[in-house]
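The following blocks contain the structures, represented as structure tokens.
Across the two complexes that follow, subunit A remains constant while its partner is subunit B and subsequently subunit C.
Now for the complex of A and B:
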């Protein structure tokens, strides 16, 4: 399994990650059964905990103390979790046509407040950190992530948007939180500012690369590998890099335009996915993700060689090569 | 207009409230048109700004400095605004205060992320306060408000819930934020702890009284006065104090039970509203709200007489007597 292979790369961090896992469990605990169920479900659904991993690795460049590291790792992962729950609400309502069932509505409401609750818990953890500069970065990150969500709604179904809009979106959606994880991990462990800046940029570049690959996989991986129908992004109106590259071909542009905002049949969806998959767009998008990957690696090259540096490098390579 | 009359009570605070209004406008400003529209719409829909008013009044018991006061008044009002947007998603409300809700004007997704964005802005403002105890109260308040929202979902359509469940719910939904407003206003202006505790309890009691009256008005005021159909709470499954009092009559209980979770016709809705309105339940609920009102006034009686004390007293009386 993909997730397993990635985890091997940072198996050294397992004891520390378990501490963070316990803190996360405590953070989502509440007196409400419903809330506990929803939050624990979310927690157990797992995820790669890549943000805490980056916090910990960045911390290894300074005076690493797990009790300090977890103070930023936990709220960062909580912010990420909250945004996941709220994203699910969005996607749910996209699929649903006409009137929502009472049950669907109930779940969405629970999901919304579960997200709010987790955000509030993140805030609680943040308030325990007594470094104002850390607060500042965390709150700025949260604002930009939220802004990104809104911009994603604004940019939906806009086939004629420029590349810059896309890059701005994935920056806020993915790159910023990883970038902040690296920067904060460095800062709380007392690295010098130059090291923190290299790590911040490493996180930014690797986040951009990661999201571009994610957007490519939506067209190149199978439904089974993705755990959802390929082409979901396009069907939901999210115009990603492969589409932006593919639309340069007038014939492809016409097909995309005609199928935008349509209730696509499964055959039509597969046809569009294959059209993109077989176009030069996938190669172009891959090149762009690789350019970000190399920029990320370059940032690491400025930093002292160490086990943490190597692990970051391996994770970056892994992300660059992943097939789903 | 009701709102006008209330505003007269604190007209002395107008210059300071205008400063806070400007800060709120800045706080919801963003680079996204959609987000700006949604947030400004929400801001202009207004509201009584009762939380900032209580912050300012509480501050008058200490060393009042508007630049310090606004640091807590702004995030408290932002938290309140965010919870309003998210509530509208839940209740599927099309109208609030006679104006279309963000949810109705755009859609649930925009409403959800607008709420998230406003929460993130609240966090940004909180991080600028360099008193850890203030952070602690604010984050605890936010957690409890979110928890309250979830509990409200859990308790929906439960006609057989006990009074304690209701009180716990309105505490978290309304009383806590007002209570924190009073407490924080006192603390940031450097009052002694006893004064802050009296003001905190005043806020709590007045918040409870306020919410009970709100819940009564849902049955006794007209659709026009409410700016939404009377009986909306019951139709949405929110079991409030008038219902809890009225259900003691077996005949009323049977009607309520039969109409719970039903898609009520307008006639059926009006019939239920009138049944409650004409029952002893309204009087009982009013008595309970008055008991809280008196407890609130008692807290003020322990504090030095002053213009701020008198204004708080007047607001409390006004709330106790308001008809819609």
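Now for the complex of A and C:
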């Protein structure tokens, strides 16, 4: 339902997104039946396609040509997909978007090779573009995203980490790829540098807001809505903003500390989720998400008023209010 | 180049590659990248034989080595990957892939990025083929091994016009792989390749015999190719004794050659 609502916001892009969808299907086509099945399984599980949407919308601020835009939009979604397959191995996740993960449907090795295959396909596509700046930005982003994930593993089960560590982590983990989607969309469509910079910053702020909301929803949404058990982040030792806010209460801190361990029981998980849900932490985290949202909107205010600008604004509002 | 110089150059290259992908946490928890000297030898073979070489070519050779390290890291991921070391092994492969892309992007060599990416898709397809439920022929399995072991390297050769070494590299790298598989078999470790072979061989055939015969055949081919290329004595010696050390027969032929 929420995904439907989001898709309605960018319904103007439907014909272009259909092209992107077909290109994605072609991109993961393989002579290996197993790889084909695994890649299509992943593709058909759906997704918001938010990265291609931002590429296309950013392109509307320049000389928009779908044949050029898709050369960036498709690889960015592929890079995101590849990282999801590998993340599911890291998190030992059985379910994503209500569907069995590649690692659950097949095994870890198949998941690793599927991710490698999809990432390589992304690079095959993006290198059709002969613009050094595109490759410098994207390669740097890919490395930073990995660094973010490495830090996330280092910080696992560390309840006493500071807010700055969390923000730096989500910047690398999520915001950078959305920021790059906007920037690359702008650059490939030939916008001026100033416009590209505003779009890059918009993507960064919206990415931060998006991830904070994601982290809040991990506690506030239901298992059905999430397509996985609520509190999965905590269960996996990932300390997110709601936990960082909630730990200020000594009583909650003690409970969190005692339960921050591998093999957390399901009853304990439910108890933690309830405790965070009913604490002021959710409200505090929402406020921080809104601060980033306002910054994102501010960036849009510097750009020419247009349909694309309006759509970006509506997506930003939606992200701030989404339920799951 | 004498043996010592060849050895030093390989060691230097290994150290450069390790420095290029150095990341504190990955190094501490996963031991850093696996840089196989066999592959470094073949990447540097054109330099050793006096072919045109440049800083750009050497940087590209390093990136090929990084791609191998990335794919190798992902080969090490086990079915239960919940330990910190395993989780970081997953990320190590992705991190090294990012470095390979960045290094070639910095050289503005987008064509090589694309060709290596194509080679990675082929390697991934072949690695996945060992998990298919269909029974594959011996020839198909051999072809898979050849692609997995040498497609990235031969892509590099083709790009820089060193195709003449492709066959020697293909045969030698298969030789090394089957030697490792034989060692695994003898140690009672059943790799995915051994399992695939087990299902594909005729019921009466033994994996051990098949591997030994394959090694004999590859060794013959390798010696023929080494002699065909008229490699300098030190280089030939290095290849046969340090890179693909095997039976004493190889040693005899080297001296004769």
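Everything below uses one rule, namely that the second predicted complex is superposed on the first by the 309 of 324 C-alpha atoms of A that agree within 3 Å, B and C clash if a C-alpha of one lies under 4 Å from a C-alpha of the other, contacts with A are read in each partner's own complex, and residues count from 1 in each chain.
To be clear about the criterion, a residue touches a chain if its C-beta (ideal position, glycine included) is under 8 Å from a C-beta of that chain, and two chains touch if they have at least 3 such contacts.
Predicted model, so just to flag it, every value in this text is computed and none were measured.
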{"item": "Clash-or-fit label for the pair subunit B, subunit C on subunit A", "value": "clash"}
{"item": "Which superposed partner A:9 touches (first subunit B, second subunit C, both, neither)", "value": "neither"}
{"item": "Which of subunit B and subunit C A:43 touches, first, second, both or neither", "value": "neither"}
{"item": "Which of subunit B and subunit C A:264 touches, first, second, both or neither", "value": "neither"}
{"item": "Overlapping contact positions on subunit A, where the subunit C interface meets the subunit B interface", "value": "30-35, 86, 89-90, 106, 108-110, 112-117, 119-121, 123-124, 127, 130, 132, 135-136, 138-140, 142-143, 145-147, 149-151, 153-154"}
{"item": "Residue numbers on subunit C that touch subunit A, as the complex places them", "value": "23, 25-26, 70-71, 74-75, 77-82, 84, 87-88, 90-91, 93-95, 97-99, 101-102, 105-106, 108, 110-111, 113-114, 117-118, 120-121, 123-129, 131-132, 192"}
{"item": "Touching residues (chain side subunit B, partner subunit A) in the complex", "value": "30-35, 86, 89-90, 92, 107-110, 112-117, 119-121, 123-124, 126-127, 130, 132, 135-136, 138-140, 142-143, 145-147, 149-151, 153-154"}
{"item": "Complex interface listing, subunit A residues touching subunit C", "value": "30-35, 38, 83, 86, 89-90, 92, 106-110, 112-117, 119-121, 123-124, 127-130, 132, 135-136, 138-140, 142-143, 145-147, 149-151, 153-154, 156, 262"}
